[in-house]
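Presented below is the structure to which this report refers.
Chains here go by letter, A, B, C and D, matching the order in which they are written, and residues are numbered from 1 within each.
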Amino acid sequence: MTALVVIDRAPYGDWRGREAVDMGFSLAAFDQPVSFLFTGPGVNWLRMGQDATELSQKNLARQLGAAAIFGVEALLVDHKALAAYQLSVDTLSSPAQPVTVSPGLYGQYDHILCL
Amino acid sequence: MPKTTALSFTLIITGAPYVSQAPQTALEFARAVIAAGHRIDRVFLYGDAVHLASTLACAPSDEPQWTQIWSEFLETHRVPAIVCIASALRRGVLDEKEQKRYQRPAHNLEPPFEIAGLGEWVEGTVSSDRTLYFHPTD
Amino acid sequence: MPSLHIVNKAPDHARFQTCLAAVADEDTLLLTENAVLAAVMAQGLPGTVFALSADLEARGLAPADIMANIGRIDFAGFVSLTEATSRIISW
Amino acid sequence: MNPVAEPKRNNEGFLENPADWSPDVAVIIAAESDLSLEDKHWEIIWLLREFYKLHEISPPSNRLFVKAVKERLGEGKGNSVYLMQLFTGKPAKTACRVAGLPRPTNCL
């Protein structure tokens, strides 16, 4: 089973994306092939320079940095959403692969998870 | 549509009762799954849905008591129901073991719900024929 | 393999668009909960679309109100849709 | 003699305040699990602390603990048998406790 975890929510304001990341890490823990797709406001998970100390929250970019260590296959990022949020693929907090979101992209995975 | 052979389902609920429609849509779907002759391997509560397993929820008497209704459904059809431990601990849904571990004054997990980890969800999605999520609408 | 997309968000929710961007021509879209409100909108939906009757009725959407190409189904019909494909995406 | 003032800990022996950790504290915590810390333990302890500093999470399960060790030290040490020998009981839990990291969510 190949899985794609879709994160289309902005970081910090709610816990949904964080819970999606936990699910993705669990798949990786059990050696299930899993990738993440960041789209819409979700691309802001990958923005450099995050510092949530004043919010008393964990730095989500740093947590996401553990993805490769845990065996997450790829971080995919919607290139249109990157542009919309003035982000560039060369300056993200973790290496991510720009993709065009399409039915064909989703079609490559057996299981799609979007919290 | 031709009748397929019996299928196994894993249902994941992520929306809380009285906040979202998720637990009731999931229940109607679950009933229809059983009525169609299929099997439900597992129900998994994640995120805010863990409130569905709180035995302390008190809805007004003219509203459905979703915790009891779900509990009866699970008992009747012998469906294992798992509450994600990480979601549950944060939201104050504890069984006796976690109550002791975290030294809290009470436990409130409605049977037959059980507290376990995301491994149960992974197991369900890998082994069931069908996996469906019931999310909140926000 | 064709997918069954199940969406429960209102048509103006960002997730509704995320969902539509994932629907291929051969796929089926099922509108539930708030998403059934899309059944009265003239455009923007793909070819094969169903809406859950309990959610339509609750929101006062009579059969005459909804677009002709949208099928009304009950929970038994919902289960039938899930029998037809193992690729199910809940948005 | 008062070698180390013992910091506050929870009922499973994890530090209440991560800032209270020091190598001396680690030795005390380890002794409760009948572990006397050798270089091979310290290698994992420092790795875990570095991991926490970088990613702000304890590896959430044994499996991911093993993966984190494997990524740094290779298969020879990043395997559950080796780590179970070093840290008795549930190795991720024991190692996090000794290393002064929060109790893993144990969600797997």
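Rule of thumb we're sticking to: contacts are C-beta pairs under 8 Å (C-beta built on N, C-alpha and C of every residue); 3 or more make two chains touch, one makes a residue touch a chain.
Because the structure is predicted, anything quoted here is derived from the model rather than measured.
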{"item": "Chain located farthest away, centre of subunit D as origin (C-alpha)", "value": "C"}
{"item": "Gap in Å, rounded to a whole number, between the CA centres of subunit B and subunit A", "value": "26"}
{"item": "Rounded Å distance between subunit B and subunit D, as computed from the means of their C-alpha atoms", "value": "34"}
{"item": "Approximate Å spacing (C-alpha centroids) for the pair subunit B, subunit C", "value": "24"}
{"item": "Residues of subunit C engaged with two or more neighbouring chains", "value": "90-91"}
{"item": "Junction residues of subunit B - those touching two or more other chains", "value": "86, 117-119, 131, 133, 135"}
{"item": "For subunit A, residues contacting two or more additional chains", "value": "22, 26, 29-30"}
{"item": "Every chain pair meeting the contact rule", "value": "A-B, A-C, A-D, B-C, B-D"}
{"item": "For the subunit A and subunit D complex, residues of the former touching the latter", "value": "22, 25-26, 28-30, 58-59, 62-63, 65-66, 69-71"}
{"item": "Touching residues (chain side subunit A, partner subunit B) in the complex", "value": "1, 3, 15-16, 19, 22-23, 26-27, 29-30, 32, 111, 113, 115"}
{"item": "Subunit B-touching residues of subunit D, taken from the complex the two chains share", "value": "11-12, 61, 105-108"}
{"item": "Residue numbers on subunit A that touch subunit C, as the complex places them", "value": "6, 8, 39-41, 101-104, 106-107, 110, 112, 114"}
{"item": "Contact footprint of subunit D on subunit B as seen in their complex", "value": "84-86, 89, 101, 103, 117-119"}
